[in-house]
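Down below are the structures I want you to see.
Here chain A shows up in two complexes: once beside chain B, once beside chain C.
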Partner chain A sequence: MTEVLERLLQKPEDNSFSSVREQASLLIKEKGLPDKKNEEYKYTPISRILEKSFANYTGNKQSQLDVLRTKIPGLSMAQMVFVNGQFSEELSHCPCPIGMEVSTLEDKNYSASVEANADEYALLNASNLNGGTIITFKKGAVIEPLIAIVHITDSSKNQAVAYPRVVIRAEENAQASVVELFTGYGDAASFTNAVTEISCANRSMLTYIKIGNENDNQLHVGNTNVDVAGNAVFTSITANFGGQMVRNNLRIALHESYSEAHLFGLYMPDNKEHIDNHTVVDHQMPNCESNELYKGILNGSSTGVFNGKIFVQQDAQKTNAFQSNKNILLSDNAAINTKPQLEIWADDVKCSHGCTTGKLDNEQLFYLKSRGIDESSAKVLLVTAFANEVLEQIKDEKVRVYVQNLLHKKIEG
Partner chain B sequence: MSKDAEILDEFTSKEYEHGWTVDLEADEAPKGLNEDIIRFISAKKEEPEWLLEWRLKAFRHWQKMEEPSWAAIKYPKVNFQDIIYYSAPKKQKKLKSLDEVDPELRETFKKLGISLEEQKRLTGVAVDAVIDSVSVATTFKETLAELGIIFCSFSEAVQDHPNLVKKYLGSVVPQNDNYYAALNSAVFSDGSFCYIPKGVHCPMELSTYFRINAANTGQFERTLIVAEEGAYVSYLEGCTAPQRDENQLHAAVVEIYVHADAEVKYSTVQNWYPGDKNGKGGIYNFVTKRGICAGDHAKLSWTQVETGSAVTWKYPSCILKGDYSVGEFYSVAVTNNYQQADTGTKMIHLGKGSKSRIVSKGISAGFSQNSYRGLVQVHKRSENVRNFSQCDSLLLGDKCGAHTFPYIEVDNSTAQVEHEATTSKIGEDQIFYCNQRGIDTEAAVALIVNGYAKEVLNKLPMEFAVEAQKLLALTLEGSVG
Partner chain C sequence: MLRIMLKIKDLKASVEGKEILKGISLEVKAGEVHAIMGPNGSGKSTLSSVLAGREEYTVDGGSVEFFGKDLLEFAPEERAREGLFMAFQYPVEIPGVSTTNFLKTAVNQVREHRGLPALDAVQFLQNMKDKMKIVDIDQSLLKRSLNEGFSGGEKKRNEIFQMAMLEPKLSILDETDSGLDIDALKIVANGVNTLKSPENATIVITHYQRLLDYIVPDFVHVLLNGKIVKSGTKELAYELEERGYDWIKAEFANA
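This part shows the complex of A and B:
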């Protein structure tokens, strides 16, 4: 395991993040990449697969941007494009709406927080920190258009590793929506290790959509950390349609009163794919609310993992926290491991979680068939309906249609 | 030379090497744990050689294992070398009348509604001849023997039914299963053995209560229950009366083997000393309980009411191997003051069409922490499995915690698995409603808690359920206000 870690830790060059990189790489070397014995990574042996796929990794090759431009669908709607973790000016076109500011991490004197108890892969990202983007939604700004960011991991010439880092800040009373799309190009193995930091100031409203549409040679670990201040509303929609192994860590801290978090998720692995969603909602102050709905549709011999933690700290009285995880297994070889977890230290709370796993309802199928709809269309209809509960949360029509197309391709393929 | 003597001989010569002597006549082994102590225990109990070997194998596994630390409980580390692993059952001091019994204890008995005669038995007061519990027990034993049911202490079973013990011991909980099970396998003192022959429906609730000599089974208890094809038994362990014990660590193992079409119902009421109001003292209860539904249509049902112990670590589990077998788990766990409970179940679905149901009700008060930790696992080849889990938590007071850690692993698409959990406190409107009708707050809480736990209490045998209800109220006494 240490060998692959050495390969994944790029040689530190002198840049303004040297001290953070050094600090983080010391920590990750000490902790090592998480193995099967690590409770958090019990069902997701991503370190082992990294070890296998990246034993000979020597660094990324330069990408041909012209090729990417034609090969990656949906690129035209993106304001910002990252190739192998680096911001690509050529592919991006950011006419910034008024009230929004895009700058580099260096410009803002950004310093990544490096904590010993952070996720190992977040530390790995920090050890390789080499630029990134900060998007700021100014005080009181209401940004109508959805801001789209596309991350491409290009492994067409060689194995590729990307460490993108995006920081999103919504200032007081700001309202905005951001979508991050992760995709890949090329046949060699690739590994995307992304970190997204989000903060929502008082009374802001932010919607964050993460779409994963990766190839079956792509590994992905994403860490999204969200801080939500008083009276702010944060909505997260995570939709994953593939990747050899995908792990999403979403951590939301409601650290002031009257804040809200809404989390929606859809995961649709097929063949031998593996998608793992770990979410944490940390209620630290009274009168906050969280809602969580994650749905999985599993086909082929794929595996899905869901782990939803809700913490209600002692001060967080009058908390409402709800969580639900529903799964459909479409094939006999698909498997799901789910662990909805509540840890509550306050008494005046209303918390619940539920989780179900099953196959498509035979009676519903029969109902449709008896009305002349053939079995495969009936299945598509039922699965679409199941998924739509999550997808209709995406208010932007272009993105919703894009995601629904991914869904249809996945069901029919 | 007989085998036993051989063992003794080997043992005595060996100990000399280490310059360490044990008086075989002694009632107590010296403190500490090593192979010699295990040989000593085994020799004392005149066990056959295979059992000694079995214990030693467990001990060797145990030495390689690490104390588990994953549970949501905190306690000072147990020094396993500071424990006496064998002491002969002590004769209880006979008291002349109930007046000599600790008044506090009598007050508790009164609240629980335990009959005078039973109080005497529990406190060790000499019981008059007419209703001597021993004679009651003897009558029961005769009835059972007529049906071919074996119900005796573990040591007796080792002597009288060695083949049965050999066949089933460790068949459900192997020696190296976990840290505490390995420890128990190495040093278990005594326990119960129960065997129900084919097709026999046991006519009464079997309870450790009726088994003489069961009073002092020690801290490493071992229970083995075997139900042959088509048999039925309802087994009761523990009692509602508070139990004090000078041993702080309890690591028991319960194994249940259920053959085809048989049904075993296992109910526990645990009320060990939970420590004082400041969390000092109290018993650590680290128990491994597991049953296997080996044959088709077998059924195993666990019901537990956990109110005692400073630390509880207990996961009664069902391995549903037979097709169409059924596993059930009903639990009420109450924690108050500084008690900690990490309890739940495992339902391992291997058989086709197997079903399981989990109902867990946690109640936390004071500064206590109460966790549900469960696993529902559906294997690839087990089709049409059905599981329903419900684990609710009730919080009384803002210093306590309630946690839920359900693991659900489904490898078959035909399975239908559902889990739901809620956490809340008692509604102020509910309390107000009771107050308004002249029920004071404490009684109201007891009433509401009992209603909340009713689904589980209903599964207990009747007379037990009544006592358990009172016990719940008693445990929560002083937690309101």
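This part shows the complex of A and C:
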């Protein structure tokens, strides 16, 4: 086991999660954090940066974030706030609409699943499990307001590591939308290792938005696992606007017939940032549909990775699965590594995938400039147009505008 | 005395190492309408692109003054803000960007440059409505992705609509008449004439004399192989319509 892994394995008090932690840390100690020989993390050497930045890490310092600092500019909505993975009572203002229940993992006798073949960082999260939140949308409830969860990793005093864990359950026929926002505060190195578990019961409709707006001293690995039951519709929108190195693992299992998954993504690294999206859509049963569109806008000498796996299992006849990845490189030094992987074991399926990478169109830029528009505004117009296909999926106007502003700021530099 | 607006002197330009403009001189004064005619490939669009500041074209010699300032020093957007407008021969499609969408930015950046206060949403909309009438264009077209699926005529009308919104001093209309049916031609010409004033000037590039019945030029120039080889009044346009370019080519070859 590497030294950094030893440091990252915190030793909280004994509590109801002790045995899960024990199990998970045995596994992760055995596997180790993925290095560059690991195919899955070949382009995203998080462990190497962890070794550098956390060589002297000795645990988080008590956070002293105050309400003013944590206010997310432009996102004026009720929020549940977590600082370094811990729920912050004083910073949060949680609405609890009728039909929604918020509880702690302990209250629900939650038991994390720990499997040997799980992602290493998911195991690392489980090894440090020390609480978390379960949000349940009750049977048949139609929840109008978007539920917002904000995670702040505070490295203003010292290096910080956060292991947030959020569980979202949509019961039968429930309809709701959740946004999870990850951001940081402070200049020291920080590492957010998040796990979000989502389940959509029969005929439920759930939209899950993940927004990452992290600083260039932040590392992020997020594991989002989604189970979609029959006739349920799950929509995910993942939008990332930075971070030193960001890795999103999104796994969706369509495990009953007539379920649907819609996956949208937008990533905008610049300077030396690196954003990696790995998605898996696992079609297990017949008559399911998945639709995936990820768009990247890369500037500076940033890099991006898109790896989209679609599995169509033997039983999953009449599957419709589409995947598309489109990228714009705003600079000659930016690069994207894109890899669709389709594994189809059924014979009666419709699957397609495609990817494109290009630059902004000079003719279009010239046209706008010839109308008196400066270069940077012209780029904002063209990039926004490109991103809109994803942005317009965000139905909540406040969040959409918030994301649009992040995008504008990012292009204007 | 009429003010000199544009002064092109011995302008030479090339693209990808190929010489296209081979020494063009032209003066345009406020209030004037100039027509430029000439066979395909003679360099008409190249001239307007160079004036508008398209980067692919290299200026190899000569000078262009716009209100006494060195136009060639300016970036394309600065030229537009200074009052130059080009209606494109082939307007580009921009998926996801509507005319309304980009014109608001354009109008306000141009206004800022000219020391005018920005228009708010209501004023901008009112301004749009007024200008829409001039070219008889429908609002729904302005909300669609620019030029995507527009008919040939719609594209050209949209160009003139933008001209109306940006209130330029000098407009260069590059074959704005091609692809227009006779009614649309009249509307576009009428639009141009409505916007005409003693303060501004127009250069119309066209292959057809018929446009010049509606937009009456003070001067007609013939561009041939990168040079203006003949200038005259609107009668020259009739002559070209009747006789084609061969006689000029011959004349020019002998000269």
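Convention: the second predicted complex is superposed on the first by the 396 of 413 C-alpha atoms of A that agree within 3 Å, B and C clash if a C-alpha of one lies under 4 Å from a C-alpha of the other, contacts with A are read in each partner's own complex, and residues count from 1 in each chain.
Note that in this section a residue touches a chain if its C-beta (ideal position, glycine included) is under 8 Å from a C-beta of that chain, and two chains touch if they have at least 3 such contacts.
The model shown is predicted, which means the values in this text are computed figures rather than measured ones.
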{"item": "Chain B versus chain C as contact partner of A:G140, first or second or both or neither", "value": "neither"}
{"item": "Chain B versus chain C, judged by how many residues of chain A each one touches", "value": "B"}
{"item": "Touched partner set for A:N337, first chain B, second chain C, both or neither", "value": "first"}
{"item": "Partner chain in contact with A:G372 - chain B first, chain C second, else both or neither", "value": "second"}
{"item": "Touching partner for A:G59 - first (chain B), second (chain C), both, neither", "value": "neither"}
{"item": "First (chain B), second (chain C), both or neither touched by A:E363", "value": "second"}
{"item": "Those residues of chain A which chain B touches in one complex and chain C touches in the other", "value": "none"}
{"item": "Chain C residues within the chain A interface of the complex", "value": "52-55, 75-77, 79-81, 85-86, 88, 91-92, 94-97, 101-103, 105-107, 109-110, 113, 162, 166"}
{"item": "Residues of chain B that touch chain A when the two form their complex", "value": "70, 380, 393, 395-425"}
{"item": "In the complex, chain A residues that touch chain B", "value": "39, 314, 317, 327, 329-359"}
{"item": "For the chain A and chain C complex, residues of the former touching the latter", "value": "361-364, 366-375, 377-378, 381-382, 384-386, 388-389"}
